[in-house]
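Pasting in a structure now, in structure tokens, and then I'll have a few things to ask.
Going by the order they are written in, the chains are A, B, C and D; count residues from 1 in each one.
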Amino acid sequence: MVTKGRLEAFSDGVFAIVITLLAFDLKRPDVGTDASLASALWDQWPAYLAYFVGFLQIGVMWLNHHRLFQQVRAVDGVLLVLNLNLLMWVALVPFATGVVADHLRDGGQNAATAMALFSGVLLANAIRFGVGLGAYLGALGLSFVVPYAALAVHAIMALYYAFDQATVASEASAQGAPPP
Amino acid sequence: MVTKGRLEAFSDGVFAIVITLLAFDLKRPDVGTDASLASALWDQWPAYLAYFVGFLQIGVMWLNHHRLFQQVRAVDGVLLVLNLNLLMWVALVPFATGVVADHLRDGGQNAATAMALFSGVLLANAIRFGVGLGAYLGALGLSFVVPYAALAVHAIMALYYAFDQATVASEASAQGAPPP
Amino acid sequence: MVTKGRLEAFSDGVFAIVITLLAFDLKRPDVGTDASLASALWDQWPAYLAYFVGFLQIGVMWLNHHRLFQQVRAVDGVLLVLNLNLLMWVALVPFATGVVADHLRDGGQNAATAMALFSGVLLANAIRFGVGLGAYLGALGLSFVVPYAALAVHAIMALYYAFDQATVASEASAQGAPPP
Amino acid sequence: MVTKGRLEAFSDGVFAIVITLLAFDLKRPDVGTDASLASALWDQWPAYLAYFVGFLQIGVMWLNHHRLFQQVRAVDGVLLVLNLNLLMWVALVPFATGVVADHLRDGGQNAATAMALFSGVLLANAIRFGVGLGAYLGALGLSFVVPYAALAVHAIMALYYAFDQATVASEASAQGAPPP
């Protein structure tokens, strides 16, 4: 059947495409020659923030995916279906990120809806990776009250996990992890 | 000439891009600040359903592709041309999925046309993989009568094949498949 | 420096993305509920034809790329720059294909311009691969006179090279090519 | 943890997608049947120039990435986070390139803003690779004064680094670099 290496390579391909497509959602502002491009670019700051948070989140998911696959000995059918299910949710992150970029500044109900969608997609991924469920659930709830705060929580969580992974990896490396 | 590993890696790349681009067809709703984003997102449910079915179908095609390549000993020119032909049809799935997402709720002739296109593309792929021809042909016919039912048949077939593959793989694994 | 395997994998990635993005240029027709989706899809036939020809052409370029790399022993800087130059022209094929899909049916000068662009991009690639220069040059000239005939020439050339590669590969395989 | 090979393959995937998506920003001109496609294509020359410069720049970044990874012995967490940070800036190049293509011909403040954005993104990448900081800083300053000249500087720098890499690689090859 499918070997572990093939499954990892396929999953890595999906992660690489998803993380790159995030940047594709940065729309070039549609300004004429008499309007200011600089202020139009500046007005897009929610899109840049969403890009930053989305990139970090997918980067951390990719690291988690590798951590999980470290423990995989053989690929069976259940793993294939679970992995496909996981990738299906990972591939939704750019869509959710784009909705946040479009509507965060709307304020009111739409900003809450956008952040709840984003938090919900990240929560669905967190369920699959089994990390930070409580924090993602909290961010989902916060989305309905203070959308900006929910985005900040996601940024902090992504940074936390990125540095957490970094520490784990550095320690493993320092303790003489077996060569690949 | 082209080695088996190179051909598989190239094909895996195409599958990874195609499966990820499905999510790219989820359009962010174009609502102003006074319209409801939540209901606009909700109204897109045919797109989510089409994404789910398309993702499963391409996932199963990827598994079938691997199953077929298990039996390949050497890459010859006929295989190269057949594989290119296969990928050409695989790459059409996001287009057909998008047409279904756009027109399923139109009802009438257009919903039937959209589902027939989707069923036709999946049938063309099934011909190449030699699986479930009868069921895909039935879904194509059903598209003209009850488009929603045809989509349901595709969802059920994709789930069936995913779990079927899962069982085959688990059994192979349990019987001590040779290490990769 | 960069190893041959890395350079091939990177190039394969670009080829896989380019060939898949061709399908992305198939625009979903923008029809309302009272217009016919079927006839709108039908009216897009130049796009399907261009997709078919573009897919074949990039497939053949990918095969040629492998054939060329068979003869590479070491990667030096000249090869790196030449390969980058090659990929830059390969990545232009979807753009040229899209222009043909948009304007082939316009007839007159615009159809000629579109086909000349397409022929020019393929000619630039042919120069790099050193195959069929005369035929591609002829197709470029024909673009200005009978655009449809030029597209037919490109389709025939792609089919010819695909089957030619197939024959070469089969013979090499029959003569006992060394295992990968 | 993540092996060096996996990290390189993931990074290569992102580079391959980013470099290919540059071509995706070449918009097919939206001309009717009575307007001239040829002159519409011609009018897009800033987009072609931006594509050329962007392609070269990302190609050189990819070469620099490989050069840096030659010196990596083990993957630790700090490298993972730094590499993710690098890819986040690499993935912004098509966006910046597209803004230049859109606004270079506007002249005035908008052309300056577009070139400053492009120069800024390339400078951020140069900081990470530690090459040509002064030249990129100079191009950023020049963007505000003579945008076209800044683009020319970027083109010259990319060509310089490409041929510089070529020379380094050729020498290494001539001196008998160890086989991969």
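We take it that a contact is a pair of C-beta atoms (placed from the backbone, for glycine too) under 8 Å apart; a residue touches a chain by one contact, two chains touch by 3 or more.
All values reported here derive from a predicted model rather than from experimental measurement.
Path length between subunit B and subunit D in the touching-chain graph (shortest route): 2. It takes 90 degrees of rotation, in steps of 5, to superpose the Cα atoms of subunit B onto those of subunit C. At the interface between subunit A and subunit B, under half of the residue numbers appear on both sides, which makes the contact a different-residue one. Comparing the CA-atom centres of all chains against that of subunit C, the greatest distance is found for A.
The geometric centre of subunit C is 24 Å away from that of subunit D, both derived from CA atoms.
Residue positions 9, 13, 17, 21 of subunit B are each in touch with at least two other chains.
Taken pairwise by the contact criterion, the protein chains form one closed cycle in which every chain touches exactly two others.
Those residues of subunit B that touch subunit C in the shared complex are 1-6, 9-10, 13-14, 17-18, 21, 74-78, 80-81, 84, 87-88, 91-92, 94-95, 98-99, 102-103, 106-110, 113-114, 117. Taken together, the subunit C residues at the contact with subunit B in this complex read 8-9, 12-13, 15-17, 19-24, 26, 28-29, 31, 33, 36-38, 41, 52, 55-56, 59, 62-63, 66-67, 70, 162-163, 165-170, 172-173, 177, 179-180.
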